[in-house]
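Paired with chain B in one complex and with chain C in the other, chain A is shared by the two complexes that follow.
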Partner chain A sequence: MASLGLSRWRKYVTPYLFLLPTLIIMIVFVYHPIVENFRSSLYNWNTFSGQENWRYVGLDNYRRVFDDPIFYTSIKNNIWYAVISVAVQVCFSLGLAALLESTLLSRFSSSFFRTVLFLPSVLAVTIIGITWMLMLNPSTGLVNQVLDEIGLAAVKHTWLGEEGTAIFSVIGVSQWQWTGYVMILFIVAIQAIPHELYEAARIDGANGLQQFWHITVPGVRETFLVMTTITVIGAFKVFDIVWVMTAGGPNHASEVLGNYLYRVGFRNDEMGYASALAGVMFLITFALSFAQIRFNGTMSRETE
Partner chain B sequence: MDTLRTQSSTTPSRTFHVNVGRLVSKLLVYVLFLVLAVIALYPMVWIITNSLKTDIDLFESTWALPKEPLWDNYQRAWDYGIARYILNSVLVTSVTTVVTVALSTMAAYALARFDFPGRTFWFLFILGGLMLAPQVALIPLFRTLVKLGIYNTYLAMILPYVAFGIPFNTFLLRSYLLGLPREIEEAGLIDGAGPVRVFWHIVIPLSRPMIASAMVLQAMTAWNEFMFALTFIESDDLRTLPIGIMSFMSTLRSEFTVVMAGLVIAALPMILVFLVAQRQFIRGLTAGGLKG
Partner chain C sequence: MHRRRFGKLLIVLVLVSLLVGGVGITAAQDEPVTIRFFHKWPEPEHIAYYEWVIDQFEAEYPNINVEMEAVADEPYKDKIRVVMASGEVPDVFFSWAGEFSWKFARSGRALPLDDYFYGTDWEDQIVASALEPYKLDGHLYGLPMRINAKFMVYNKQMFEDLGLAEPTTWDEFLAACQALKDASIIPIAFGNEFPWASSHYIGDFNAKLVAPEVRSADYLLEADPDTLFTDPGYVEALARFKLLNDEGYFNDGANALQHSLARASFVAGRAGMMFVELEEFQMIADDMGADAFGYFVFPSGTGGAGDQNLMTGAPDGFMVSAESEHPEEAIAFLHFMLSPERGEEYVRQLGIPSAVVGAATEETALPLVVDALQRLNEASGMALWLDTDIDIKIVEVYLPGMQAVLSGSESPESVMQKVHDIAVQVQAEAATE
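Showing the complex of A and B:
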């Protein structure tokens, strides 16, 4: 142990010297804000009101949250975001990863496709958002033209301008951006599965699909659970792609929680109400994170 | 296709059957991945080809290659001030990355190598930051930054980025340190080096691969960050690329092809870094198993 050459005093104090800057920064910029957010959600205030003009309203802001139809639209959209992302980014990308790691593709094409599919995830959300805004736009739009060419003119839409399609267009773009990223994580997990298992299965006459179900899926189980929970938590935190592409419109149809609280706070300047929305968001993401820890036990194993 | 199928049913040779099946699945898989690759790449190709056209050409034939490349769009996008945004992004990203990874390595060393009361508590305390949605801290952070007098300065981005980057990086580096043999460090301590010298001369050089991966991932996160940069910066002079591109877009809303040229310029730095540092990307994100 590192205590070898150290006196008692140094043994106890030195680690704190290494930790101190981190702890100070985290207290000031992470933990203090959480506490502060709960306090400020109990008041009505705006950016111009000094502390003395904060009006105490108790839990009124929270009551307002649960009477607010836009809040429910937001939650519904967050849930759609989570469901579709788990289906595409987690389940579909696991299939893709298994195919890329199978012997069906040559080594070169496998690594080529891997890189190409990963590429969208390194680009900034604004760049991706604006690119797809241009492509979904009916006048510059590529998407509607493609639909025309392949005989699907009937499904053309003003994608970001219609209440029925706006949030799904944004969710679709997110899948475009992140599927390759999750796929890479699955590829690494698959590579860690002992090769002999596949060989033994082949000798026993198992086909590709059987190998996938009986070896690959159990082998990546942990990665699968972690990716699912991270994706679900991410779906409740989403902000930037929605803000860039629709800003929650038209008529709040594509609002998500993170987006709505930003608008209420920094556009409508109702900081107390926005803090209450943030408080609700804290409870949701905290509960999900906590479930993840209980569920996966990753953290507890880490600390043992 | 049809001939193949009749043949395989008339000659029930097992190996032949399997080979045909394999050939067909091979073909299907290649087609699937080719389609996906086109879907992944074509938007970027589309932006590039159209960034070299006039707006009229864009509306007339979105598929066509530019008649003759109109580099003027790039000149105009550049003149709008993209260089300024890139410079701001480089500054904010590099300071954030160096400070975050330095502090995280220190914290990880303390947590992985010292046996002191409260070790588990402080580890969970730091890791707890991962569970927090940044939106929850947004409004109070805004007030704190105003109170500290650093709202609308580079520090208004850097300090929150560091604070929110530390948990993940500490987690990553601590796991890596736990996996390293302690013997060299112990030898150093027996030889009379203090913990600081051991950290500087032994721990950091040994952790170099993981430090590099952490830096690449942290840089990518900071480079692309949107919400804090949008909220904590007011003046155009200080804007980073993601926000700058937004204001660029709203100013030039009707000049589509110039906007496209701007997007290409904005995307280039990250794509170049990715192509150079691919291995570090993959190592870092697989070690952490996390995504933005």
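Showing the complex of A and C:
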């Protein structure tokens, strides 16, 4: 029967029709470039060489990645970025959110601090980078002058100019910018927790810390996991703030993967090697999100 | 929390592939022609000058339309390479002289200009010595717009107060630094966040400490692989640079300071000297007064094997794309811009010496600039900017090495060892291509 066949056909095809535009965009702008990137990582080429001059080198570029000391410096810096960001942006800002939502602060001061802490995240990264560069300037910057005034001259540093402190100064600025933003997301999550739970806990005699630990933390678990993943992945993709503040220097000490990739590709003009770096970076972020999705799945199944 | 701003990796790749796949615009014969002009001076005063040139040009050639784009110095280095590889090449574009421009020439992206230039009246209008760095294998690929060189400027008042004369040897220079330091003044303002700043020092030291033929063979990678960058003069160059730093003659935290901020501290009278480009003289004069500062040639190489009469500097100029669809119009625009009238106006508006013959006179420029230009004419030649004169892969090892020497984490010897290693590698790669 023709009409039945048609309607069945419709039933199967319609959802795919709706998916098609997205699918096409995803293929053109996401999946195709990933494949293309892998292909171009197998060649040595630069922006001047036409396709006919691409020299096939197999997996040499990947081998080179794992022999490259700057790659390891970059990975190390990315890991520091991730660890510190999770500690500050996720854990610490959850504490801040709980504090601002608690009864310890008046309504006024809680909304005051909420605004103040959130403000940095609406500023452009470049502006923040340049402003902090001025503050961290070794001789005229505010930071060293304050350290001088409070008798901590011994801990003064050329923050962005020393190989030991450059990346941590940049990471610090990044925390300053984003902690308030994550905090707002936690506040939203906390507000979604039913009030009765807190009331019941108070009746049972739970103190603030116990309430935080047994109600707030489980209540925001989903947000917590999402924020952790986003922060970690973000830490591996970071580019702008590092580029603005140190450009990876001095002597590659504050290089991160995104930065190094850009430098290799667009400054040194080694597109094949840059593609290999991009491939490695993709695998790292892919593995992290995959792990998170699996982990998240297990967690929500447990709570059900 | 930096994720969405630069989901960069894929976006960049997609953009690049779009650029590569882009299609050029073809115009019919009688239709107005648009030529694209790309340079590295987005500062308002420069833009004003170029807009003035373009307005005049378009008035004289009504069927040609000039589209200008400018990005700053550092990003230009990245952007021009990508743009040149795309389908939408600019017709006229800025390029540093030396290796930076030769790369375009070697890959056939730059139009040889010999036929348009030699034997015409244009030839007599451009300073001949400024053409050399744009020549490759006997062909001319670029035309200089202006001439730039590096000089040490000093605060006259401070030198007078301390009874210091303009130093003419390395030892006198060190003595002057020490005297300033003893007077609690920062001897030399130095901003090296972007390490091209130290490459100007090292380029100058190299030119004067390494014999010219040795240096040229190393820079062009024509030397025997075993000897590439092994001349002791290179180590000495880094060692002298390190000495200036270790003795406290540079301001603190040079690696974290931008060049422009260092200049601000010189202008504000916090530092006694600074190694600046001729084009910065006007800016300094605007901020601290033309009589407040003097200049001398940096006596960096006393006792070295190099040519002491070389000047570190280079012409800045333009090239025409070989893929330009309107080469005639592009050349016409270039000729119009690099002519006596426009050259004089360039000097008058911006205070920067033009490469057009006779453009910088007492009437159009600061006396100090005219004087420095005279010194430049007496020099035996120019040592080009190190960071645009050698292969970029070597630059990317050499310049961070200079930062490492400054911060004390590497010795001059170990940096030169790394430079040698990468040079050998680049030379071998070039041989296989």
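Heads up, the rule we're going with is that the second predicted complex is superposed on the first by the 271 of 304 C-alpha atoms of A that agree within 3 Å, B and C clash if a C-alpha of one lies under 4 Å from a C-alpha of the other, contacts with A are read in each partner's own complex, and residues count from 1 in each chain.
The rule we apply is simple: a contact is a pair of C-beta atoms (placed from the backbone, for glycine too) under 8 Å apart; a residue touches a chain by one contact, two chains touch by 3 or more.
In this text the structure is predicted, and so the values were computed from the model without any measurement.
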Touching partner for A:V182 - first (chain B), second (chain C), both, neither: both
Partner chain(s) touched by A:S289 [first = chain B, second = chain C, both, neither]: first
Partner chain(s) touched by A:V125 [first = chain B, second = chain C, both, neither]: both
Contacts of A:A278 with chain B and chain C, given as first, second, both or neither: both
Chain B versus chain C as contact partner of A:D240, first or second or both or neither: both
Superposition-derived comparison: chain B or chain C, residues of chain A touched: B
First, second, both or neither for A:F29, with chain B first and chain C second: both
First, second, both or neither for A:R267, with chain B first and chain C second: second
A:L136 touches, of chain B and chain C: first, second, both or neither? second
Shared chain A surface residues [contacts with chain B and with chain C]: 29-30, 33-34, 36-37, 125, 139-140, 178, 181-182, 230, 234, 237, 239-240, 258, 261-262, 265-266, 278, 281-282
Touching residues on chain B, where the partner in the complex is chain A: 22, 25-26, 29-30, 32-33, 36-37, 39-41, 43-44, 46-47, 58-59, 62-63, 103-104, 106-107, 109-111, 113-117, 119-120, 122-141, 143-144, 159-160, 162-164, 166-167, 170-171, 175, 182, 185-186, 189-190, 192, 194-195, 199, 220, 223-224, 226-227, 230-231, 241-243, 245-246, 249, 256, 259-260, 263, 266-267, 270-271, 273-274, 278, 281-282, 285-286, 289-291
List of chain A residues in touch with chain B within their complex: 1-6, 10-12, 14-16, 18-19, 21-23, 25-26, 28-34, 36-37, 40, 96, 99-100, 102, 104-105, 109, 112-113, 115-117, 119-120, 122-127, 130-132, 134-135, 139-142, 145, 176, 178, 180-182, 184-185, 188, 208, 223, 226-227, 230, 234, 236-237, 239-240, 243-244, 257-258, 261-262, 265-266, 271, 274-275, 278-279, 281-282, 285-286, 289-290, 299, 302-303
Chain C to chain A touching residues, read off their complex: 1-3, 5-10, 12-14, 17, 77-79, 81-82, 84-85, 103-104, 107, 109, 193-195, 251-258, 261, 265, 392-393, 396, 400-401, 403-404, 406-407, 409-410, 432-433
Chain C-facing residues of chain A, complex: 29-30, 33-34, 36-37, 46-49, 53, 55, 85, 89, 121, 125, 133, 136-140, 158-163, 166, 174, 177-178, 181-182, 230-231, 233-234, 237-241, 246-247, 249-252, 258, 261-263, 265-270, 278, 281-282
